[in-house]
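Each of the next two complexes has subunit A plus one more chain, namely subunit B in the first and subunit C in the second.
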Partner chain A sequence: HLATSLPLPSERDHLRPRIDLIVFMIDLKSKYSLKNVETSLAYVDASFFLGKVCFLVTGVGRVNACSIEMNAVCKLGETYCSPVLFCELELEGIRATTAQRLVRILRICAGHIPGVSALSFVSMMRKSDAD
Partner chain B sequence: MDETVAEYIRRTVLKIPRDEIKMMLQKWGFLSEAQLQTLNFHQIKDNISQEVVQLCEENSADIKQAAVLDIIYNHIYQNKRMWSVYQMKKSGEELEYFDITDFKKKFKRRLRSALKNVTITFKEYEDNAIWIRVAWGTPHKKPNQYKPSYVVYHSQTPYVFISSSVLKSTLPLLCQALIVASNYHDIREMELRSHSLNSLKDIVFKRYSQNFQTCTPKPLQAGNVEPENEDIRIVDENRSEKERIHRLNQEVFGSGPQPKLEFAQYRLETMFKSDPKMDVLDKKEPFRCLVKFSSPHLLESLKSLAPAGMADAPLSPLLTCIPHKARNYFKIREKKGLYPQSFVSP
Partner chain C sequence: EKADPQKTAFLLRKAWTLYSVTPLYGFRRGRLRDYARLLSAFIAAEKQKGLAVEVGVELDIKVALSSLADIRGSEQDQAALLVQLSSRSRGSPRNSEDKPVWWGWFCSVFGDELSESVPEHFTCLPLFLSHGAESYTALVGSWFQKTFDCCFRRLAISPLNLSWMVAMWAGCKLDRAASAVELVFSVPRLAQPLDISYAIHPEDAKALWDTVQKTPGEITQEEVDVFMDCLYAHFHRHFKIHLSAAKLVKISTAIASAHCDGIVKILHSQYLPGVLMLLTELAISQIQ
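Moving on to the complex of A and B:
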C-alpha cells in the first residue's frame, strides 16, 4: 500500500489488511520529505517500533543535490530503534536489490520465516549501540 | 556593392547553421537557383559566406535585400529574441478595411518625417503576420544594421509584438508610427514578455486550450490518473486525493499544452506582516520585494506542481491567472478597504 503521509485516510479502513511493515521513504533531496516522515511517525502505534518499521533513504547517488544531513537520518533511525536502508532508485540494479531486501524483511515481519521474528531487528540495532 | 552591405550579408550568413544556409537562401530568393548550385555547402562557413557575398556582388545587392535576409533569419529563429506585447486602441467602432499598401506608406512616412536615416523593411507571412524590421540611425549617421527593432503585426487584431532594439529611445517613435499607420489612436505596453513569440500569440489570441464547462462535468476518463499500467497489487491509499488534484488541475489549466513562458515576476509593495511580539519593521512602510519565478517552461511546471506533491491544490490564483490575464509581470499592493487580501493592480 502506498501513502503520501500518515494518518491513512479512514475511508479505506475496511479495505486494509493487517500491516506487517511500514517503510518510511526519505528523499535526501527534499527537506519536506524528512519533515513529512517526522510528522507521520507520530501516528504510528508504539508496537510497530519493535522491528516493524524501517527507513528507506533514496537519492544517495546525487551527493550535490542533498538537502538533508545524513546525521539527521541516522539519528532518526537511532531514536526510533529502526534500521535505515540506503538506496538510489534511479539505478535499476540497486532498485532490484533494495526491493529484495525489503521483501526479505517483510517476510520476517509477517512471520513467514520460522525461528526469526521482527524483534531480531531490534536486538541487532541494540548490539551496534553497545559497541 | 557597398562594403557595409557586403559585410552585413557576410555576418548574417555566418549566423545561420550550416545545414540551413541553402534553405534560407532559397527562401530569400535573391540568388537564382543556378547561382545556388554553384555554392559548395560542405565547406567551412567562413568560405560559404564569402562565396555568397561574391554572388550578391554579381547581383548588386543593396541594404534592402540584405534586410530581407535578416528578417527571414529572425523569423525562423524568433525564439532567440525577447518579445513584448503591445495593445492598440481605436477611438471609434469603425471597422475599417485594412490596406497593406496604405499601412506601409503611412508607417514609412511617419518614421522618415521624424528620422531621416532609417532602413524600413516589410515581409508578409501566410498567417497574416506582417514583419517589420527597422534599423535606426541619427541625423548624421547611417542606420546601424546590427541593432534593429522587429515588429510583428497581425492586421486583424489590435496586438503588436515588438522585439525592440537595444537603442531604447527608438521605442516611442516606433509606437507612434504604428498607431498612425494602422489608424489606431493609442498604444500601451502589456505586462507580458517571453522568448516564445508563438506562445505570446497563443495567449493574447486565446488559442491555448482553456477549460470550457461542458454538459458532462465528470471527465470521461475518470480513472486515468495513473496512465502507466500499474501492478494491481499496488494499492494507492491516497487515490481519491490524487484524483481531486488531477481534476482541479484540469479545471485550472485545461488538458492541452500550455503557452511557453520563461518567467513570472511579482513586485510586492505590501506591508510586512509579522508577529507583533517580534517587533520587526516598526515603520509603516511597504516592504519592497521582488519575487521572480523562472523556468524553461513556467506554466507546465506550475501545472505539474500539485500532482508531484510539491504544492497544495488549488494553486494560488496569482500563479494560475497568468494566461487568462495575459500578463506575467504583476504589481501587488495593499488593498485599502474591507478585504484584507492584497490587490493586484491592473
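Moving on to the complex of A and C:
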C-alpha cells in the first residue's frame, strides 16, 4: 500500500489489513520529501517503532543533486531507533535488490520467519550505537 | 606585487567554469616563462595535427603565465596562477594589439586542509576557473595534466551548496542599491521541462537572514535550512507550489551568481576572497 503522507484517510480503516511494516521514503534530491516524512512520523503509533519502521533513502547515486544533508537523515534514524537503508531507485538493478530486502524485512515483521521478530532490528540498532 | 584592483578587475563579471585540480607535481614558480613557451608550442603542434580550434582566420596563439600574488587566503596558500591566451591574426601589422581569447586561473584560498596533507614537490591550487572556448580549455588542461601529472574534473554545485551560497551572500552588507536575490528551480519529471524563477527584494532577503543568523561571522546548516524554509513557505502561501520538491539549479545575488553545472560569476570585488574561499572548499571536497 502506497501513501503520499500520513495519517491515512480514516474512512477506509475498517477495510485495511494489519500493517506489519512502514517504510518512509526520502529522496535526497527533494527537501520536501524529508519534511513530509518528519510530519508524517507524528501520526505513527509508538508500538511501530519496535522494529516495524524503516527509512528508505534514494538518490544516493547523485551527490551533485543533493538537497538534503546526509547527517539529517542519519539523525532521523537514530531518533526513531529505526534502520536507514540507502539505495538508488533510478537504477533498475538496485530497485530489484532493494525490493527483495524490503520483502525480507517485511516477512520478519509479519512473523513469518521462526525465531526472528521485528524486535531483532531494535537490538541491532542498539548494538551499532554502542560501537 | 601588492593589491592592485586593476589586476583583478578582469575577474569580475565574467562567467567562470569551475574545475577541481589535484596537486601539481614539480611545478616551479620561477619557470613561468618556460612553461608559457612550452604550452605555446604544444598548442601550435595540436593545431598542426588538425585539432585546430577556430576555423577561418589564421590565428597565432600567444600564451602568458603570471602570478596573482594577492589572490590567496593564508600564508600556506600558493599565489594564484593565471594563464592567458591571446590571438593576433597573421595578416595584421606587427604592432597591433593582441586580443585575449581565453583565461584560466588556478587558485587556493584557505586551502590549508589540502596543502597540509600533501608531500614535498606538490603545489596545491585546487580550484581552476576558465573563461573562453571549451576547446582551449581542453588544450591547456591536457598540457597541465601531462606536464604536472594532475587531474582536472568539472566541479558541480549541489542544491545544498547553492542554498548555502544564497543564504551567505544575500546576508552580505552592500552600500549601494543591490540587485534582486534570485533562485531558479527546475521541476523534475514533467513532459515539458519547467523552470521557476523566484526573485526577492535584496533588502527583504537580508532582513530575513539577519533574523535567522545568531552569531555574526558564523553560519550553521540549521540557519541555512530556516532561511530556505521561510522562502519556500512564502512561495507556497502564494502559489501552492512546494519549491522544496524541485531542484535548485541557479542562484543570483549582488555578490555573485552560481549555477549547478559549476559556473559562477563574481560581481563584487570586496567579496572576491570570500567567494573563492567557499569555492576552494568545494574543490577540495571533490578531490578528497
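Methods note: the second predicted complex is superposed on the first by the 131 of 131 C-alpha atoms of A that agree within 3 Å, B and C clash if a C-alpha of one lies under 4 Å from a C-alpha of the other, contacts with A are read in each partner's own complex, and residues count from 1 in each chain.
Going forward, a contact is a pair of C-beta atoms (placed from the backbone, for glycine too) under 8 Å apart; a residue touches a chain by one contact, two chains touch by 3 or more.
All figures in this text were calculated on a predicted structure; none of them were measured in a lab.
Legend: residue contacts after superposition of the two complexes on their common chain; A:Lys35 is shown touching subunit C, with no touch to subunit B.
Touch criterion met: A:Glu11 reaches subunit B, while subunit C stays clear of it.
In the overlay built on the shared chain, the residue A:Asn64 is in contact with subunit C alone; subunit B does not reach it. Comparing subunit B with subunit C, more residues of subunit A are touched by C. By the touch criterion stated above, A:Asp45 is placed in contact with neither subunit B nor subunit C.
Within the superposed three-chain model, A:Glu92 lies out of touch with both subunit B and subunit C [touch as defined at top]. Residues common to the contacts of subunit A with subunit B and with subunit C across the two structures: 32.
Residues of subunit C touching subunit A in their complex: 156-160, 163, 188, 221, 228, 232, 242, 244-248, 260.
Against subunit C, in their complex, subunit A makes its touches with residues 29-33, 35, 63-69, 71.
Against subunit B, the residues of subunit A that register as touching in their complex are 1-4, 8-9, 11-12, 15, 32. The touching residues of subunit B, counted against subunit A in their complex, run 234-238, 240-241, 309-310.
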